[in-house]
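Paired with subunit B in one complex and with subunit C in the other, subunit A is shared by the two complexes that follow.
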Partner chain A sequence: MLRFLTRRTLGAAVILLIIAAVTFFLFFAVPADPARLACGKVCPPETLAQARHNLGMDQPIFVQFVTWLAGIFVGRDYEGLGHCPAPCLGFSFVNHAPVFETITDRMPVTISLTLGSAVIFLLFGVGTGIVAALNQGKALDKIASVSSLIGASVQIYFVGTLAMYFLVYQWNIIARPRYVPFTDNPLEWAYGLLLPWVVLAIIFTANYTRMARSTMVEQLSEDYVRTARAKGMSARTVILRFALRGTLTPIATIFGIDVATLIGGAIITETTFSLQGIGRLSIQAVLNSDLPMLMATVLLAAAAIVVFNVIVDALYAVIDPRVRLS
Partner chain B sequence: MALPSQATAEAGSGPADPDLAATSGAGGSPLVGRSPAQLMWRRFRRDKTGVVSAVIVLFFILVAIAAPLISALYGKDPYTTYGLDEPGLLNPYGFPVLPNGGISSEFWFGIEPGLGRDVFTQLVYGIRTSLLIALAATAITTVIGIVVGIVAGYAGGRTDYFIGRTIDVLLSFPSTLFIIAFMPVVENLMVKPEEETPTWLRAASLIIFLTVFGWAGLARLLRGNVLSLREREFVEAARVTGASPGRIIFKELLPNLWTPILIQSTLLLPALVTSEAALSFLGVGMIEPVPDWGRMFLRGTEVYQADITYLMFPGVALLLFVVAFNLLGDSVRDAFDPKIRH
Partner chain C sequence: MTAVTLSQSSPGRRGDSFLSVQDLHISFQTEDGVVRAVDGLSFEVEKGTTLGIVGESGSGKSVTNLAILGLHNRDRTEIHGEIWFEDQELTGASRTALEGLRGNRIAMIFQDPLTSLSPYHTVGRQISEVYRKHKGASKKEARDRAIEMLERVGIPNARTRVDDYPHHFSGGMRQRVMIAMALVCDPDLLIADEPTTALDVTVQAQVLDLLKDLQQQTGTSIILITHDLGVIARTAHQVLVMYAGRAAERGTVREVLGEARHPYTWGLLSSVPRLGSPVDVPLTPIRGTPPSMLNPPSGCPFHPRCEYVRLAGPELCVHQRPDLSPATGHGDACYLTPKQKQETFAQIKGRP
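This part shows the complex of A and B:
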């Protein structure tokens, strides 16, 4: 297990390094003048020169990349702007603050959004899938498959906006979504995020229902499930302790990917519900041509995917004892 | 609707009758196996959901092709700002005077808030934009996926390792964010600041970006298939009889890969249609005045509190299209592989 983790972590680090390098060179080397982008629309020559110097752009691109990379581990000093402590992902000229600070500010919103909806779509999706598998071919199964198909095909900016229009503005059933820190008031936190959670869950549940249903059907015909039944175990025990376990492996894979994608920034969801999380932050970085911020959000999203891949692979061994990590 | 017809073309020269094609046996190698394709087509025809969804998909494609004709018969185009040209259609705030987004006998689906363009023709022409971009991206993605997947699986060794790691990197890339961020960079590079971005450039960039991030999944899947096929007796037999790698790849391996390829590309197309819409919604899709569903969504979400109708048309149309296409994908899969029921 330890060897596996070391190897996979090293592999993940290499992938992240490649992504960082590719993104860095594309964003900083290709545009005619990144300093002008960082400096803004109205840019006097002396400010431009200053911005160029502060960004370290009077140096070769490779040196810039190494400086940027080193900043993540040891921090970095910006002339006239002060010290940016490790992990320093750069300095945002738009926010006049180290990038990492802004990211840690926004992270709780995205994590809350992800956690809440992940709980809903995992439990509801897998639950529906199992019920459908146990009632194979019956009305319940058909309803589940049709609704999951529609759920998988709707767009968040469409359902989300419809939900806002009817539930919030027309019928006043729920208040406008907003983020209240969990530590301030857990109830307000849940209430404020309920609508985005549910809408996000509608889109994601479908995948789990379909996956859980098809693997459950397979599992139910496995020898070990039949043996358990033949031994006279109750249907409940057989399903929950034996069949469900086998269903969890493929579920864990897609769950890892989905959670990672959401942590990296639910751009469309956060835009639809005007939540100030990482997704909004990345879009604002694009609109403001805030390259250091953009680099950081791209890297964060990639890191989420890479890290969750390792976690999921390690989880396989925990879920399914037949899996050998190598 | 390209799929069943593609399958029949695969089965032989007969344009309509699969039974005829099986006996005539024109085209393809002996290993293509005419009867599986034929069986697939038969099973597909019996699948009511599949046929209905195929008809809906076909309808969307026909509308896209016939867009100029429809717009000529209807007597409007998606570019004229009727609401601004004719007084009495929009109120001083730019919203349609008539209820439900200005739906009337003259403007069937209402008029766009602000510019006052016709929604019906925008929707009809919008299918064109979405489908053309998605089709082009699907075609290129599939070709690259096939080539890379087969090369990786067949060559093995260092080539496979290198391709495998490239795929790892691509699949870990936050593609949506990257495309949004990189689109201005491309334009910065290709277009002078004082010029407008040409439509073809944006369309080409969209297709290229969707392709760059799209092929990796298919390539990985096909690589796996090739790895297991490579060890089978018929490939070994071909190798022993001195077949060239080219012959083994095209005549032995490829015919056995059509099933996963066809299934994947049927599922890829609706996914790319929604990706294109999402990118337009986020502001980096097709530019004005080219009609585009994603941009209709963007405008729709801006004005939904005053005019929800404008959002409904692209919303329902896209939902219908994607549901139909996903159902079609499922039916194609069931027809190919009746053991797995979805």
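This part shows the complex of A and C:
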């Protein structure tokens, strides 16, 4: 296990380094001039040159990359802007604050949104899938497959906007979604995010229903499930202890990818419900050509995927003793 | 068949044999229509003995035994007839009643021990959970019992191996684990569905001997389903030959293998290779293929493949369905006269 984790962590670091390099050089190929943005609307040539120098942009691009990279570990000083403590992902051109500060500011919103919704779509999706599998071909199964088809076809900006219009503005059933830190008030935290959670879950549940249903149907015809029944195990035990176990591997796979993607920024959901998370941050960074901020959000999304991949692989071994980690 | 006079008892009788299947019919719905997997089957198992059920794939032997434990797919399957286990009727038994019997008084082992054991749980857990469920034992007691059972079925270092997963065991050892799991509650009846088919030939004999030894120790009755007459000769006391969901012949091992009366049994016997016979003599297979149970043949289900239809009279074989006769003892479902059967079998035995 330890060897596996060390190897995978090293591998992850290499992947992240490559992604960092590619995005860094890609963004510098973009014709937007960060120094001009930093300098302001009226920008005399001397000031522009000064801004370039302050941002370190008068250096060769390779040196810039190394300086940026070193900043992550040891921090960095910007002339005229101040110190950016480690881990320094650069200074935002727009709000003139270290990028990392903004990221840590926004992160809790996205994590809260992701976790709450993930719990809902995992439990509800897998639950519906199991019920459908156990009632194969019957009414419940058909209801489950039709509703999951509908769920998979609609878009967040459609359901979300409808929900906002009717539930919030027309009928006043629920307050406008907002983010209250969990540490301030857990109840307010849950209440404020309930609507986004549910709407986001509607979109994702369908996948889990279908996946859980199809693997469960397979599992129910497995020999060892028949053995469990032949041993006199109750229907509940047969399903929960034996059949469900085999459905966990594929579920863990898609769950890891979904959670990682959402952590990287639920752009549409955050925009629909005006939540200030990572997703909106990255959109604003694009619109403002805020390159350091954009780099940081891209890296964050990549890191989430890489990290969750390692977690899912480790989970495989926990779920299935036949899987060896090496 | 008119010459037979031995039928003193009606087939509906029950009470002294402890498992009794009476006029069982099993059919299930498929996309192509209704499959009549078992069509009027009766047999009995006596205490402490082994009944071998032989037949080709699709002859209904596995389905019958799944039905005894109620393990068939209830949504698609229709069952008529009676299955008596002591004084309990099983085809109409409640789910909880069946759950209380399964693994406790009637246990089952299956063909492929690798897929039949859960890959996700240790063998100790899989054995002990049966004991805990039915005997209400504590975790510790059940674990000790699991170790004891593993020792009894001949697994070396049972104390350490109890925490291993099935994939850590070889095929033969896995089947021993299955047997330990099946016998953990000292069942009265063990149903073994092709328990050696997936195993190496050398291991097959070991597993069969183990079953035999355990039977002598515990007095468990065994239903052994197989298509291998060698397995039957080695382990069974009684034999039931099945064809197309019906009984073709029934009797003791000596009767059925030594004085076979049904052309299908003759066919099975002729297709077994013998160590003593010359290698260049080809085996004699039964011509044709087993019938589709979607649309079973009229009359005797074996008549399309039978070489002796002309001898018994086509009218009879094609249009009338023979039943086992006599109703007890060595019985067969064939219209040939006893003399014809005797002479033909002697002739077959005389072939190289």
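Structure notes:
Going forward, the second predicted complex is superposed on the first by the 314 of 326 C-alpha atoms of A that agree within 3 Å, B and C clash if a C-alpha of one lies under 4 Å from a C-alpha of the other, contacts with A are read in each partner's own complex, and residues count from 1 in each chain.
Throughout what follows, contacts are C-beta pairs under 8 Å (C-beta built on N, C-alpha and C of every residue); 3 or more make two chains touch, one makes a residue touch a chain.
Remember, predicted model here, so these are calculated numbers, not experimental data.
Per the definitions stated earlier, placing subunit B and subunit C onto a shared subunit A by superposition produces no clash, and the two fit side by side. With chain A as the common frame, subunit A serves as the apex of an angle whose CA-centre rays point to subunit B and subunit C; its value is 80 degrees, to a multiple of 10. Judged by the touch definition given at the top, the superposed model places A:234 against subunit C, while subunit B stays out of reach. Once the two complexes are overlaid on the shared chain, A:264 sits against subunit B while remaining clear of subunit C.
Looking at the shared chain after the overlay, A:58 reaches neither subunit B nor subunit C.
For subunit A, the partner with contacts to more residues, out of subunit B and subunit C, is B.
By the touch criterion defined above, A:105 reaches neither subunit B nor subunit C.
No C-alpha atom of subunit B lies closer than 13 Å to any C-alpha atom of subunit C in the overlay. Applying the stated touch rule to the two superposed structures, the subunit B and subunit C interfaces on subunit A have no residue in common. Subunit C makes touch with subunit A in their complex at residues 69, 71, 95, 99-104, 107-108, 110, 112, 115-121, 129-130, 133-134, 165, 167, 178, 181. Within the complex formed with subunit B, the residues of subunit A that make contact are 11, 15-16, 18-19, 22-23, 26-27, 30-32, 145, 149-150, 152-155, 157-158, 161-162, 164-165, 169, 210, 214, 264-265, 267-268, 271-272, 282-283, 285-286, 289, 294, 297-298, 301-302, 305-306, 309. By the touch criterion given at the top, residues 222-224, 226-235, 241-242, 245-246, 319-322 of subunit A touch subunit C in their complex.
Residues 165, 168-169, 171-174, 176-178, 180-182, 184-185, 188-189, 270, 274, 277-278, 281-282, 297, 300-301, 304-305, 308, 311, 314-315, 318-319, 322-323, 326-327, 330, 340, 342 of subunit B are the ones that touch subunit A when the two sit in their complex.
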